[in-house]
Each structure stands twice: as C-alpha cells, then as structure tokens.
Amino acid sequence: MSQRQSYAVGTGLFIVLGFAALGYLATQTTSVANSSRGPSYTVEAHFANIGQLKERAPVKVAGVRIGQVQSIVLDPGKETADVKLAIDKRYDQIPDDSIATIFTSGLLGDQYVGVRYGTSKKTLADGGELALTRPAQQLEEMLGKFFGAGGVADNLGGSYVVKARFTNVGALSVGAPVKMAGVAIGSVQSINADPVKLDALVTLAIDKRYNQIPDDSAAAVFTSGLIGTQYVAIQPGGSPDALKNGDEMVLTQSAMQIEDLIGKFLVSGSSSGKPADGGKTDGGKH
Amino acid sequence: MSVASSENIVVRSLSQIGDCGLFLLRMLAAIPRSMRHYRETIRQLWFVGAMSLIIIMVCGLFVGMVLGLQLYDVLSIFGGTSATGTVVAIAIYRELGPVVTALLFAGRAGTSVTAEIGLMRATDQIAAMEMMAVDPIAYVAVPRFLAGVIAMPLLTCVFCALGIFGGHLVGVTWLGIDNGTFWSNMTATVEVVKDVVNGVIWKSVVFGIVVSLIAVFQGYTTPPTSEGVAYATTRTVVASSIAILALDFVLTAFLM
Amino acid sequence: MTDSISAKPEDSALVRVRGLTTVLNGKKVFDALDIDIPRGKITAIMGPSGTGKTTLLKHITGQMRGDAGEVWVDGHNVAELSRDKLFELRERIGYLFQNSALLTDFDVFENVAFPLRQHTELPEVLIRNIVLTKLQAVGLRGAAGLMPTELSGGMARRVALARAIVFDPMLILYDEPFVGLDPIALNQVLKLIRTLNQTLGITSVLVAHELEAIKQVADHIYLIANGKVVAQGDPKTIANDGSPWTRQFFGGEADGPVPFQYPAGDLGVSLGFPGKNA
C-alpha cells in the first residue's frame, strides 16, 4: 500500500506543478498581468474607425494605463463604432472635453486608446461620453526602417532616484533603460499618472557611478527603433551642481507618437520638421 | 500492381482509423466502469505524466533558449529586440509548446504505453484479466488513455513555462534585453484566451486525446508477438506525429 | 456456493459441449464436437498440436463463440449469457495460462490479491490472510515479495495457480500446465492439481501433451483430432482401444493419421519432372 501511496503523492505533485505552470502562464505572462481589477467606471466614445482595436485593450493617458476597452459594437444605424471604456475609479478627474485617439504601440504592437486631456472644468462621470475622437490610422503601410537598437543596463553598485514629469510617456514601460550619450545608466522605476497635474510622473533609478549629472539636464522619451521600446535619454546641462537622490528634473521632453511623427514627415515632406520636437541633441547617435 | 497496393494502403489506413474510432467509443463507454480503478489511473498518471517531466522540462528550456537566440538575431535587424519576449511567448504558446510536447509525449510515453499493452497481450495478461472477470478495456486501456489526456495539458504548461524561462535566460541574462521591457512587452501582447486557452489548453487537450488513443489502440490491437509489438511502437510514433501536425493545422485554422 | 446459482445441480456434467462447430480463418477447428466434463473429476484433453485444444478452453470461458452448437457450463449456455452474467460465471472459473500471465506491474502478493481487490471490498487484513493461505497452498508464501520477472517458470505457474484458486472456483482450466518445466517443477504442479481436485473437489480440465503426467492424474481422457473426438476413456484403457489415432498419439509414431508430410502436391512435379505423372 505504501507503494500505491507514493504514486498518489508523486502524481499529486505532478498535477499541482502542472496547474502552477498554467497559473503562471495565464496570469504573469499575459495581458491579465496588466488588467486592473479595481473598481472602474464606464465612459463611451464613438470612432469612425477602430482599426485593430480589441476588447480589453488598454486606455492610456500620457502613456500611463488608466483602464481598458470594455466593449466594441457598431452604433445602430450608423457607420461608427461605439467603444465603451472602463476607467479606473482613481482616475476620476478626466475633463469632459478630452480627446480619445486610437494609437498603435510600436509597429507590431496592439492598438490602444489614448486620451488627451482637455481644459474643461467638468470631469467625466460614469456613463459619460468622450465626444471628441480621432480614429485609428493605418500605420503599417507607411513605415520603413528607423533608428538603431538599444544597449545594456546594469545595476551594479546601487542606484539613486530622480523624478521627471512628462506630458506624455508614450509606450515607455517600467524597467525601460535610462541612457546618456546612448549608454544605459539606469532604468525606469515607476510611472504614474498624476491625478491633479494631469501628467506622467516617472521615477528613474540611476546607477550610483553616474553621480555627476548636472541638475539642469533634460530628460526625453525616445524610441529605440520603430518597433522598439522607448527609453529615457538624459541630455546633460551645464550646471555645476549634480543631481541628487530624490531630485526632480525640470526640463523634460515627452514621447512623440509615431503617428504624429509620420504625419509631420508626410505633411512637411522634409526632415526640417523633425528638430521642432527632436530637441537639441541628436537622438540617433547610437 | 502499384495502383492496387496503394489502394490497399488507403483502404487499410481508413479501416485503421475506423477501428480506432470504434475503440475510442468502447473506451468512452467503459469510463464509468473504470471509475472503480481510479487508483490505476493515478498510477498511470505517474508513469506517463510525472515520468515525462524531466524530458519535457529540459526540452522546453532549450526550445525557449534557442528561440530567444534566433529571435534576438533576427529582430535586431529591425531594431526590435525588445519584442523578443513577446515573440518567444507567442511562438511557444501557440505552436511549439503544444506541438513539441505532444511529439515528445508520443515518443516518451506513447511508445511505452503501446509496448506495455502489446506485451501484456503477448503474455496473455489481457486474457488473464478477462478470465478474472476484469474488463481489460476498463482496467488497462481507459486508465492509460485518461492519464494521457490529463497529463498532456499539464506537461504542455510546464513546457511553456520553462520555454519562457529559457527565452528570458538568453534574452535578458545573456543578450541583455532589458528585463522590464521583456516582460511588459510580453504582457502587453499575449492574451489569455487567444494564446493560453486556445493555444496551450485546447491544442494540448486534443493532442492528449489523439496521442493517447493511438498509443493505447496500437498496443491493444497489435498481433501478440515480439514483432507485432515492435511494429506497433513504430506505428504509434509515426501515426501520432502525423496526426499531431495535421490536427495542429486544423486547430490553428479553427481557433485563430 | 455453486448450488444457489446452478440451474441443474443434479447434472453430473459441469461442462457440456454439444455439436460445437468453429471455423477460424477458413479452417474448420471443430466439427460438431461433443464433450462432457464430469463434476469433481480431472478430465484431460489431448491431441496433436493445432487441434484447437486452447480454443476449446476459450469456448468454455466465453472468450470465443462457436459458429454452431452449444457450450453449457453449470447449466448456463455460455453464448447466451450477458456480459455481466458471463463475468459472474468467470469469477467461478480458474484459468491457468500456458505462460502464467502474471501481471508484470505487481509483485507476487499483489498478483494473487488482484482478483480480490477487483471484485471485493474486503479489509486489507482479510485479503492478506487469503492471499498468504493460497500462496502457502502452492508453497510460495516466502516468495510473496518477489516480482514476476524474478520467478522461475515453475514458480510463476504456481503463483498463477494460487491466483486462479483465490476465489475457490468450481472449475479450473489448465492450459498446457507442464510445458517447459523441469521434472521437479512438473511433479510439483502435478501434485497441486491432484491436491486441489481431491481436497477441494474442484473440477479440473487439463490440456496437455505429457502422456506420462496425465496418466498419473486424469480420470478421463479425450483425444481430439480433426475437430472431432477420436478416442476417449480412462488412462488405462484409452491407449489400447485399437484406433490408429491412439496408436500413433500414445505410441509416439512419426507418421500415421497425422501425416508426417504437410499436404503438398506430387514431389516429382515440384522438382520439375512433369513426365512422370503424365
């Protein structure tokens, strides 16, 4: 009988291991890991074209996830899509004249709804409607190659923390590298939407070895390659004082949406439009 | 002559498939009766499932690692190495996980089930059970079949988890893709229903049914000689492999 | 135990085969075969190889069905029994396979305990007692912990016998119980067959070739050839009934009614001398 029991125990362990693996796959490696489970309220938006937008796609403000797409149906009798967005309760200060746009996160990425805040004093309530929308753009056909690849971030020797505010972090994600002159010097520690100032508060963990960064340096969100992820580039300033732990970087430059960029290319027909947003340093040096 | 013999092969294959289907019905009918032999099912689950873990884990790890390596190489051309985690996960969940696990399972557990049942026939153990008023379908065939059907999805999940780990090992630890990028891109793109449920679960359940059915059927119907058993194990691998890859295509077409 | 189920307890024959005709692969194995197996006796069934002796046992246990004729076991027509009734009947029949057919997954103890575990919910203590008693009866109580692969042929057959009698059956069918045994093991098995029959009154059917061994235990012998009973009687008289079959079989002659030559055409034709026959 002990032989039988040992089979039963071993088999039980095997089954537990299998289900543990399944649980891991389902919750840690899929969009479930991102989906917020907190209380939410529903907002409606009508789009002329939703492109590849799917249910449960993220809704972002300044690049930070604030909710997800709840349902997509065709408006009865109209040629527009009725998209319901479930927004987290804690982000309840969205102006009711905000603009909802369908963006693509990277070339291969899925589409998401980006919300750009308006100026109205009134905020959206449950069941409200985002009246201003911009439909999805069909990107894929327009694109070619872009910049080079990223580098390696290593965290030997500890790090210190610096804050930066961006009006839009684009597809920047936690853990993305922080680079100076193309070399990784740290990583993004956290990204949060500021419910009051309505921008993205990004915390950067910078390696202790690089403790001589001038405190008037600028932080910019760049994209490493078209398909690639975004990273934070630090452009050193001229101040004699160095950034210290907990400091906030004053000069920031937000992520450019690929749509905006391409729109500029297409409209201006020359690269002269690029420096307008591209800033003072050459982002494509690496 | 060749026409006649090829017709023969078609007819024989068809009749084999027919017999196989009838055998499945017999087993399904015997499932209630085999419930009293649940201990035997547990024991078989140990043999076909737990004993296959090592090979599944090692292979999963290496498949994930080689995927990480290859994808990094290709994606770096487009400056998209940050998508490595996403593509590793999708490739493993949708195709490599269920298919490679099923092929390994057919080779590791399927053949041993076929050989075991074939030898039980050759040594009259099956007949002895009939004589002891024990239904061999309920006692021999069904527990092994059920064990295979249960084990396959679990093994596939383990394979996938190890594959992701292997991809992470190569991509992040070795080639230096950023850790946060690796995971956030993966979680942004991989979906539970489309990738995990449709890819990992459904496919592996279907493969589990097919591979176990073929293995048990071949063992049960083989001529009770050493030659017959040898042929039956070969046929299990060949038939399972073809069935897995063909069904993979069909399932992909339906589940996409 | 048998009385409550038995339909005709007064019937002296436990197994009654009437007009059994079986065709296998186009070959007529049995041609209107009639056989009676008397209760409480040891009946031997002999015959040249390939005469379907094992097939006959399979008919008795309902593993095979004849094309015509009937097989009655303890008052039941085997062919008409439902699956459950057939299994019920089989629980009362012990069957000793030619190659013992022990379950290779289990040790000796579990092999003997197998039918008990499958058909009863007896407490472990009781199962243990029954199994050890049966193993003691075949002289292998000490081997309870061995695996079937560790047993010699004779020991394996004795374990199989212990398993066959674990339910105290009314009938035991021995399929070639002496094949491949050395003289010592053969005599041990022989002794067991006789003991089981005498002490428990178990009806026994013995399929075998070993004339000397059978003469020692059998009460009645059937000689089957070409699908028919060609001779029968007790061991002392059967060899002298004068038929060519018995003379060849018991005398061990190479040629006779069972031809030395497998049926073939004229040798001269096969060798390419057509003229000789023309």
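Points worth noting:
Chains here go by letter, A, B and C, matching the order in which they are written, and residues are numbered from 1 within each.
Basically, a residue touches a chain if its C-beta (ideal position, glycine included) is under 8 Å from a C-beta of that chain, and two chains touch if they have at least 3 such contacts.
Here is each chain with its UniProt name: A = Outer membrane lipid asymmetry maintenance protein MlaD; B = Intermembrane phospholipid transport system permease protein MlaE; C = ATP-binding cassette domain-containing protein.
Predicted model, so just to flag it, every value in this text is computed and none were measured.
Here the chain-to-chain distance from subunit A to subunit C, counted in touching steps, is 2.
Distance from the centre of subunit A peaks at C, each centre being the average of the chain's Cα atoms.
The interface with the largest number of contacting C-beta pairs joins chains A-B. Chain-level centrality, scored on Cα centres against the all-protein Cα centre, points to B. One simple way to say how far apart two chains are is to compare their mean CA positions; for subunit A and subunit C this gives 81 Å. Annotation: 39 Å between the Cα-based centres of subunit A and subunit B.
We define each chain's centre as the mean of its Cα atoms; on that basis subunit B and subunit C are separated by 43 Å.
Subunit B makes touch with subunit C in their complex at residues 119-120, 123-125, 127-128, 130-135, 139. Of all the residues in subunit A, the ones that touch subunit B in their complex are 4, 7-8, 10-11, 13-15, 17-19, 21-22, 24-26, 28-34, 56, 58, 105-110, 145-153, 173-177, 187-188, 224-229.
Only residues 61, 63, 87-88, 90-91, 93, 95, 97-99, 101-104, 114-115, 118-119, 160, 163 of subunit C touch subunit B when the two sit together in their complex. Here subunit B touches subunit A in the complex through residues 39, 42-43, 45-46, 49-50, 53, 75-76, 78-83, 86, 89, 93, 150-151, 153-155, 157-158, 160-161, 164, 176, 178-181, 183-192, 195-196, 200-201, going by the rule given at the top.
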